[in-house]
Amino acid sequence: MTDSVSDFGSVTCLTIVAEGILEERLLAVIEECGARGWTVSMAQGHGPSHHGVSGIEGGNVRVETLVAEDVATRIWSALEADFFPNYAVSAWAYDVRVARVARYS
Amino acid sequence: MDLQASLELALINLTSPPVLAFVLGLVAVSLRTDLRLPDAVYQATSMYLLLAIGIKGGVALREASPSEIAWPLVATLVLGVVIPIGAFALLRVLTPLGRIDRGAMAAHYGSTSLVTFTAAIVFLEASSIAFEGYVATLLTVLEIPGIVVGLLLARGLRGGGMGETLREVVFGRSVLLLVGGLAIGFLTGPVGYARVEPFFGDLFAGVLTLFLLELGMLTGRQLSAVRQAGPGLVVFAIAFPLVAGFAGVIGGTLAGMEVGGAMILGVLCASASYIAAPAAVRLALPEAKPSITLASALGMTFPFNLIIGIPLYLLMAEVVASWWG
Amino acid sequence: MDLQASLELALINLTSPPVLAFVLGLVAVSLRTDLRLPDAVYQATSMYLLLAIGIKGGVALREASPSEIAWPLVATLVLGVVIPIGAFALLRVLTPLGRIDRGAMAAHYGSTSLVTFTAAIVFLEASSIAFEGYVATLLTVLEIPGIVVGLLLARGLRGGGMGETLREVVFGRSVLLLVGGLAIGFLTGPVGYARVEPFFGDLFAGVLTLFLLELGMLTGRQLSAVRQAGPGLVVFAIAFPLVAGFAGVIGGTLAGMEVGGAMILGVLCASASYIAAPAAVRLALPEAKPSITLASALGMTFPFNLIIGIPLYLLMAEVVASWWG
Amino acid sequence: MDLQASLELALINLTSPPVLAFVLGLVAVSLRTDLRLPDAVYQATSMYLLLAIGIKGGVALREASPSEIAWPLVATLVLGVVIPIGAFALLRVLTPLGRIDRGAMAAHYGSTSLVTFTAAIVFLEASSIAFEGYVATLLTVLEIPGIVVGLLLARGLRGGGMGETLREVVFGRSVLLLVGGLAIGFLTGPVGYARVEPFFGDLFAGVLTLFLLELGMLTGRQLSAVRQAGPGLVVFAIAFPLVAGFAGVIGGTLAGMEVGGAMILGVLCASASYIAAPAAVRLALPEAKPSITLASALGMTFPFNLIIGIPLYLLMAEVVASWWG
Amino acid sequence: MTDSVSDFGSVTCLTIVAEGILEERLLAVIEECGARGWTVSMAQGHGPSHHGVSGIEGGNVRVETLVAEDVATRIWSALEADFFPNYAVSAWAYDVRVARVARYS
Amino acid sequence: MTDSVSDFGSVTCLTIVAEGILEERLLAVIEECGARGWTVSMAQGHGPSHHGVSGIEGGNVRVETLVAEDVATRIWSALEADFFPNYAVSAWAYDVRVARVARYS
């Protein structure tokens, strides 16, 4: 059960912070692009495209998803096509080490 | 009603805890005080308000006879279509806003403000003026068409993804809680309601007070956008509620409602949504600038209605009733 | 009680706000509406329910004489041991589940459902049927033995770490709030309770309504697991509550309880825990599949009890009482 | 009042739900039970308590004549300056604490404890002892000067950034909610208040109970710091409340307050702040060790006042009143 | 006070997301393995081992702990032995720069 | 709209966890140092400078801010000067990839 070396590996952690109203849509997009899991929490925030609407919506949503590189690329494209132009959304990616790498890709 | 009585009612409204809490929120922002209802509690509070108003409306609906409520429903539906069209047209005259932004505004002003509505209810109850219990039903009915018409005005009928968007609006949380509440109230009736009244009824004004404290702060943070709004938008944000409120009062009176009820229909028409509409418009018209709609709906129209409008629409309703009577 | 009266009571139950809110939660999920009580509020709500029920039970306990409560306590303890054993055995006959999963199920069904209990209380109060105030004490007493027996059935006595697990269960938040509430209620008595009754008493049914809206959504999301459950599990989830409920009713009647009280003991026995037990079982029997226990306890038994069971156990209690009387 | 009556009142206090919930919190920590009011709910609860107490105070203030309240206000202000100076001086004698830590302590003990205050109110109401409604106004008045004096004692007048810090304190959330609540209550008066009383009034004792459960857990986690406190700090934490409470009782009686009112002023003086002061001191005196102030204020003085002090200050007030009368 | 260069350094940030019921146990394990601090927040999530129980438990818990490499390795082993096989738990690790590196190791 | 390659880039993600009372001050400092956005969430925590006060303040605040390297350095200095000596604060930094890099620097 602990032949962990074999299934250690590296995946991309993509963090997306967006106005709360987008939660459902973002998760749908992430899933469509091939992500197999995500973690969502509540947040407040401020950014270049600030407008007061997220207060009325009850804040921002902060989504983390660990995905393979190709999935990350697909999610980026979807963000650029459907979310970045018109919504308050920030996203960033970095590499993380996981065990049981197969679960995330 | 003479002037003095009107002023007294205006004062009752101005010094009601919810309105004062709204002002306190404005003050807090201007003092740069770090005060915020945590998001989790804010969300639960707005769920509570929607569900409570729905349930109350459902209980009242059950007690109203179909014949009694038919005309008010028709009036409400007509107003729900006419008002956003009027807003869309008037904005074209008064402001340089494009089609998308005007459609967004139309959706906000075509829909209604739950909080203004409940402030009006609190006001009528404090003034011991009777009104039909089913007005909460009218609130629910008026919630949706305005948004739909506004979106259609912005996008036209051909717009791709319109179906999906409408689904998001109609099955969104606001509508679900309102309509679900209506159904619960209707099915449970006064007997079942009595058991949850201490929660959904008695606490309502207090919870609303807390919610308005937060809305006051949100509005306070919006004030810079208000200052940037052109004069046309300012005129619209004040004048349109008067026009729409008057239309609502007339509609309600024609439909046979009492003075209090006609006044409430006026308030529903005059008020602009900032719970259901902003969400729907963000999803469906992302190019629309929220700073404009919020500055207008929350930054100007809402406080105007809350402080001046509410007693004014009552005056209107009394005047109109005296024409007919 | 004749059939018509029974049906009327069943209708009262079906149209009570908590039950309707549960249905609304199911509807919300089926419409894919994004509605969720924020976690922080959900957790606070369940703390509130546990503490409130405990306090009420404590106040009632103080007013009950030791002689009055002795036999019901004995009956409850016996049922708390016998029921999980019965569940464990019956599951062996009806399903292909292994020892661990059957032990997990036994823990759930041996313990009790706070929400079903309170729905039953709300139902009895709405129907003006008397019951002993100390039933909340019985709820607390029945909470734990079922879980312990279930875990022992799954693990056997030799299981390492059993002590630590029992500590986690017995000193876990559910039990602490229930037992702590009991102690608070007992020590403060009716006079002290009067001061907090508007919060812990009057709001109870309303808060429960909100909580059941969320539970309805959780159940709705569980429905696919329900569909995958084999026929044996479905039979168990419906039949076992009837058997255990009947045992509870008999036990309560033998112990000298009123019809309402015997019915409540039946409800306690018939209902399966989904607050204390899932947590305890997750910690102690991680190999057990939660999808099975939840599909059964929350997906089938809970709605069955809520909608059909509650009036049925009352009928049972009346029939059984008529045998004795 | 004879000894037996005093003991009865002490028992009423000890067995009030808020005090019992505090003890339950201590028990939970000692059993290592993982129980915590979620932060969002905790924050909202403390907002509620501050706002509610302010509103109630405002309503009462409106009903008090200026002449009636003038002397109590003067007495409160004097006490608000004298008490922190006394604490600062006494700590020099009793403990080896440095200037900064003594200033921090002075700020805590110069300010007041909302929760102790409300426990005292609940106690007086349960004992049917009259007191002036405007005592909540005195609470608000006493909140700030003690903190300011404490900070000045620690830093001296020359301290850079003192202005900014004072701004943070005076415009901080605690003061804003208290003072804002006062204003709301004052402006809305009894008629407006009646509409929100079910929320801000009736629920108060219950919400306080929940809050004290959490405070009990916080205190429980602080107990190791209490054990490390030197004997001088322990003496201070018990003796100073007695001295300051006596001063408050004398001040209140001299100012013409009723026995209940003088007792409340004693409680205000005796109690140490752990909502407004810790925040202000953290911001303004970051070098001060919070473990010391919390161990003293929350770990020792708070439970002492809650359990023993409250009935004792009433006894003091009765004795002092009998001297004058 | 700002001879910061000397005590800047790199440690591992280990993020663990698990069903809420495990909070107490996870923190105990982390502490036993040598972690000297952690940050915990509430989250919702979805992953390969999804089952509905975390809803009933009031959601997931998201734990971040900055630790030295050997401590991270020990925590991984504990996760693999006691948590991964039976619970809904995801974990990932990446390197971060900290000041006052001695506080984290 | 998707000439994304051109504006992809790397920035520093600085995460700061501190006692809740500091939220306002931290955000002011971050903004002064040149950050153009931030994300804030609620957290509980434990660390070397543990004292019970954050419980009374309603927990910790967790701030994430994506900034250019020089801004990060300035924030670090401010943390070291005004926050580390006296408050319970932890901070860590790592590099992340973002689209629209100009928004963060």
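Couple of notes before you dig in:
A, B, C, D, E and F label the chains in the order they appear, each numbered from 1.
Assume a contact is a pair of C-beta atoms (placed from the backbone, for glycine too) under 8 Å apart; a residue touches a chain by one contact, two chains touch by 3 or more.
Just so it is clear, the model here is predicted, and its values are computed rather than measured.
In summary, the chains found to touch both chain A and chain D are B, C, E, F.
Between the contact lists of chain B and chain D, the overlap consists of C, F. Among the other chains, the CA centroid farthest from that of chain C is the one of F.
The chain with its Cα centroid farthest from the Cα centroid of chain E is B. Per the C-alpha superposition, chain E sits rotated 120 degrees relative to chain F, a value rounded to a multiple of 5.
Shared numbers divided by all numbers used gives the overlap of an interface; between chain B and chain C this overlap falls below half, so the copies present different residues.
Among the pairs A-F and D-F, the greater number of C-beta contacts is found at A-F.
Computed from the mean C-alpha positions, the centre of chain A lies at a distance of 39 Å from the centre of chain C. Rounded to whole angstrom units, the spacing between the C-alpha centres of chain C and chain F is 46. Centroid to centroid, with C-alpha atoms defining each point, chain A and chain B lie 35 Å apart. Remark: chain A and chain E have CA centroids separated by 19 Å (rounded to whole angstrom). For chain A, residues that reach two or more other chains under the stated contact definition are 41-42, 44, 85, 94. Residue positions of chain C touching 2 or more other chains, listed in rising order: 34, 38-41, 43, 198, 202-203. Applying the touch criterion to all chain pairs gives A-B, A-C, A-E, A-F, B-C, B-D, B-F, C-D, C-E, D-E, D-F, E-F. Those residues of chain B lying in contact with chain F across their complex are 34, 38. Chain E contributes residues 1-2, 4, 11, 13, 27, 36-42, 66, 94-100, 103 to its touches with chain F in the complex. Residues of chain D that touch chain B in their complex: 38-41, 43-44, 47-48, 51, 55, 171-173, 176-177, 180, 183-184, 187-189, 191-193, 195-200, 202-203.
Chain B meets chain A in the complex at residues 36, 39-40, 42-43, 46, 218, 221-222, 225, 274-275, 278-279, 282-283, 286-287, 289-291, 294, 298. Residues 15, 17, 41-48, 60, 62, 76-77, 79-81, 84-85, 90-94 of chain F touch chain E in their complex.
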